[in-house]
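The following pair of complexes shares a single chain, chain A, combined with chain B in the former and chain C in the latter.
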Partner chain A sequence: MASVLPQLLNLLLQFIDSFGFLVLSAIGLAIIFGMMGVINLAHGEFITVGAYGTALSFHAGLPLPVAMLVGVALTTVFGLILEFTVIRRLYGRLLDSMVATWGISLIMIQGLRIVFGSSLPSIGTPLGSVQYGSFSYSTYRLLLAGASLVLLGVLYWVFTSTEFGTRARATIQDEEMSRALGTDTNRMYLLTFGIGSALAGLTGALYAPTMTIVPGMGSTFLVEAFVTVVVGGASVLVGTSGAGLLLGFINAVFSNLFGTFAGRMALLVTTILVIRALPRGITGLLEDVRGGT
Partner chain B sequence: MQNDTTAKQSSERTTRRASRRQFLQASGAAGALVLTAGCSSMGGGSGSDTLKMGVLEDQSGNFALTGIQKYHAQTLAVEEINAEGGINGQEIEMISPDPQSDNQRYQELARRLINRDNVDVLFGGFASSSREAIRPIVDENQQLYFYTNQYEGGVCDTYTWCTGAVPEQQISTTLEFLTDEFGDNFYTIAADYNFGQITAAWYRKIANEIGANVMNEEFIPLDVSQFGSTINRIQEADPDFLVTLLVGSNHASFYNQKNAAGLEVPMNTTVNMAQGYEHLRFDPPALANMYVGVNYMQEIPTEQNRNFVDRFYERWPDADYVGQMAQNSYFTTYLYKQAVEKAGTTDQDEILSVLDEEPMTVEAPEGTVTTDPETHHVTHQIRLARANENHEITFRNQQAVEPYWLRETPYPGCDLTQTVGASSDEPTTQYTPRGV
Partner chain C sequence: MAGETTTNVDRTASDGVLERLQNALEGPNTLGQGRTFWIGFTALVGLLLVYPMLRSSYYVSNTAYLLVSAFLGLSLCIVWGYTGIFSFGQVAFYGVAGYTFGIVSINVTGPVGTLAGLVVAIAVAGAFAFFVGYFMFYGGVSDVYVAIITLAVTLVLNTFMGQTAGEEWAVGAARLGGFNGMTEIPSLAIGVGDTAVRITDAAFYYFVVGSLLLTYLGLRVLVNSDVGYVMVGIRENQDRTELFGYNTQKMKLGVFTFGGVLAGFGGVVYASWGNYIDPSVFGLTFAALPIIWVATGGRKWLSGAIIGTFSVAFISQKLSVFGGQYSLVILGALLLFVILILPEGFVPQLYRRLPWLVDRLPGGESE
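This part shows the complex of A and B:
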């Protein structure tokens, strides 16, 4: 009986850890896909840029939080340049944009390898650990989960309470009408893509101290991101956080009870079931519920 | 920075090869005549002016971190041999296309090297999957092939020589030491594919033999990079030490995360440090108290090794590390040289027979290495390396360990000296431990 409490705590911590990882992996992808209809297959490499920026500036002597900001800034600039040069020409061409961003991803992985070599020195995870019973847990990982909640809150505020948010949503709903009403839609797309890139960069920056920093590191985020977006559906905030809750819970339960492999399997099986039962994801389900009442 | 070096290196290469190229151009007309006459040289280019060595090492892609080291070390060996006058007066021409850590490219390139370039010998391959991808091609073409990686053991093949360390060499001495030192109960986490599964079975087998106890095993898919639940499960089991058979950059995140979560336990592995130099890449103390049974690390403090390491970094000043398998590639090139000189020809069947005749020895940076004709593996100098909390490496328990397992009868009962010469029904099986 004495060991039940720490076990429950394990489950809870694993849950918020998975939730944080899923939400942070997916949020940049969700924004760019949800708002612009571009499937960014280079999303993982955007995250990698954030991690590289952070690691390089950290090893150049900057304190970690500043290094993280550098990582985010770098990814944002990178995203903006890419939008201006490549993505802009591919709006409304879903398959073309996939091929183009996939190409970008390949170029970036090998480019990073050529410029910086096969791996960067790692950054030790800061903040130590919390102890409970015979278990302990990394404090920094609690902070990661917290960061995902804060981020969701900030995005909710940006898209509902600012002029930019209103214009952005108007552009998504009806591009021509909002252009007629005086919104510079090109600028909206540029900014949205910039925000998506910044969020990807932030994910990379936040996870840089917990992972080995190698050119191909983005791929581990990409799968989780896609699973989350597919399960979540079109709505950025509701979908991402809903999918994070559902998948995070399932992953936590199965990997705690049966190991990491079982957790992965459960995650993918859930995804298949959700796609089968709810083609429009959690967003679609919520809309149906709301429409029904 | 690295671009400069590459440019410099390639220009060096060009000048060194210029004379040979001129010669080739001069003899080009004659060569064309021979080819159009349909008289292609059989038996692996034995009629050509150079000795052709095909080298498949991953210079890019997933395994580049170790592939590059192997490529560098082999190039060094080839250049040293050429500078000393080559093998039997023939200069080695190293043909080393990049398989990019991609098994399909491995197959394409192996076919190209064997059938188009007519290489006299084939080297390389990193993952067991890449070795298994090209081994049917090697056998089909009766091509002499050296696989220089440490691996999960069990390959018994006439045409393949495995010159890396195998589990019985890396694990048996290490596990005895660890159980004496820390206790009998250990927990295994392993990469969920061929290598991890078979090596974990080896740990079970050797644990049975010495009376140790495997508390639990967890197999983790290669693309997993988050280890929170694994760490909790290990803490719950509370083992005396932890065996980690994690592979690749995603899995490497485990050490940092284990550390951040405050999990402190002695660790043992067959893969880390000696290959991917994790002790230099990761912030200490991520690998504190890690024990590895190795046949080589660049830190080995012998005179012989110091010389090798100096030569290596003189040739490749920007290289990051020269690890276990790079050293294997290096000494295996010399082993090949020795075999060709003894055979007096580049004919592959002759060389295979010479290698099968009696054990040969090479003075490698690790110490004396002896071949084992029965199993086509080698006896290695195995040391137990330990990283402390500052990631400084110390070695102990050096001993020559034979690759004994494949010879055991009734199973697997491998004896390749009985299958000299080439027939189509050679053993190509990969044997795995039974009943564990």
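This part shows the complex of A and C:
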């Protein structure tokens, strides 16, 4: 019994860590996709911009929390500029939006490599680690999981209790009608894309201290983000957190038993199985349950 | 487009063999009809055939490589351009077939091995596409999710093959080799025992040109047949096509599997060309290439896909020589430009302006 408990605790911590990673990777993508119907294949590179902004300003001498804010601000501005110049022309052209953002992603990966070289010096994970028995766990990574929960809470509040949230949801539900009722839908889309970019930047800023900062680092997040959005379905909050719980659990169990690679494979297989059974993801399942009663 | 179908194609008027052939090859789903087109086409094929006599073997081998890419481009054109299934994972089938070919042909030595490798690799690629496609289309997975699933499958293969560097990752005599790749894959050969001919250098070039020609003409017949009309129907409006009584899921699965087979053939020829394959065939950058090729040339037309593949692959090769690190930036910008300014691709644009050009040439004729 004595050896089972730390093992379970380890599994739990791994689950929390995995949940945080999935939710933080996916949240920006989920908002832009769920609200605007635009698939941002450069999402991974938006996260990279956040991480670069953080790392560069940290090395320039700013304290880490301030550096992170710089990273977020940089990504937001970057996202707004892109929305204004490119994304705006692609509304209603779902697949084209994927191809175009894919082009942006290629430009950015190589552009970062040209400007900053093949990697930036790392930041180093702050806060040390938690010890329990023969295991230890990074405190900072637990903090990240906490950040994902706070973020979900804040988004819930924004979308249910603010005027912006009401207008945004109206725009999703019926764009023409909400425009007729006086909502500037173009501005709504611009703001939504800005929020999505900011969240991607935040993810990059938060994970910057835990990773090696290289131009191609976005791909680490991209697959996880897409898998989470696919399993979650169109609803941002319910879908993303539900998918984070399910996939985080599966990832933790398989990584714990058979290693990191098995965890990743299990993630993908689960995704395929979930989609086979629930084409609209967890969102669709919940809607069916609600509609059925 | 549906309206043109009935007026343009008059299948009852065929009497001679040539005319019947022409009717099968021409239709509303391909660019390029009539005598002018076929004369130009024959001239182009003739040029391809005499090319090895004009240039050194280095250029011939290089051109052969560019032509090999066209199989990948064509497979994506059929799947994405004609049927509207946005597969981000065409390279997965290409790579799976390449690796399978390596495994079989290294283990079974001699020309029998390479032929068996060709057949098995294409079968494996097709079966893999069928498996992925079955889960997607019978699960009711829609456009974007198809792209995401195929991309995820490709990236998982990339991670998987990347960690196979150890000794234990071997199938018989074939070592998978991790990021160093699988080396010493034999070239394709035809025949038995001592009479076998290895397909290398000029022979390889002619093999590629020949199979590409057959594939192109075969696909022209396919897309202008009833099957092709259903494919385009699904692309334009899946629900309506379904209401007309077509089994769209089955059709999409069939097209997707066929695309996997075609990409698989390209993968085998590629592995045999370089005698080598590595996990970068499953990488993000390589996955992007077929999409750039096909989108640039014109994804809804076979000629667009081939010309796009050849020219963009050619340009990116030149860029990597002269433009160095900027080549990917330029490719990405090209993709962005095409999607924003020329969503149909440049080949249909050129083609529409061509009659105007031909008219102005001395003695030119247009239809």
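The working rule: the second predicted complex is superposed on the first by the 293 of 293 C-alpha atoms of A that agree within 3 Å, B and C clash if a C-alpha of one lies under 4 Å from a C-alpha of the other, contacts with A are read in each partner's own complex, and residues count from 1 in each chain.
Here is the rule we use: a residue touches a chain if its C-beta (ideal position, glycine included) is under 8 Å from a C-beta of that chain, and two chains touch if they have at least 3 such contacts.
Quick caveat, the model's predicted, so the values are computed rather than measured.
Aligning the two structures on chain A places chain B and chain C in a clash.
Contacts of A:143 after superposition: neither chain B nor chain C is touched. After overlaying the two complexes on the shared chain, residue contacts for A:277 are found with chain C alone; chain B is out of touch. In the superposed pair of complexes, A:66 makes contact with neither chain B nor chain C. Of the two partner chains, both chain B and chain C are touched by A:110. When the shared chain is aligned, chain C comes close enough to touch A:226, but chain B does not. Of the two partner chains placed by the overlay, neither chain B nor chain C lies in contact with A:8. In the superposed pair of complexes, A:177 makes contact with neither chain B nor chain C. In the superposition on chain A, contact of A:264 is made with both chain B and chain C. Judged by the touch definition given at the top, the superposed model places A:252 against chain B, while chain C stays out of reach. The intersection of chain A residues touching chain B with those touching chain C, taken from the two complexes, comprises 110, 113-114, 216, 219, 223, 261, 264. Put simply, chain B touches chain A in their complex at residues 2-3, 60, 62, 64-65, 68, 192, 218-221, 223-230, 232-233, 235-236, 238, 249-250, 252-253, 256-257, 259-263, 281-283, 286, 320.
Of all residues in chain C, only 86, 135-136, 138-145, 147-149, 151-153, 155-156, 159-160, 163, 284-285, 288, 291-292, 295, 325-326, 328-329, 331-336, 339-340, 343 touch chain A in the complex they form. Of all residues in chain A, those touching chain C in their complex are 33, 39, 86, 89-90, 93-96, 98-100, 102-107, 109-111, 113-114, 216, 219, 223, 226-227, 229-230, 261, 264-265, 268, 271-272, 275-277, 279. Contacts from chain A toward chain B in the complex involve residues 10, 13-14, 17-18, 21, 110, 113-115, 117-119, 121-125, 127-129, 131, 134-141, 209-212, 214, 216-217, 219-220, 223, 252, 255-256, 259-261, 263-264.
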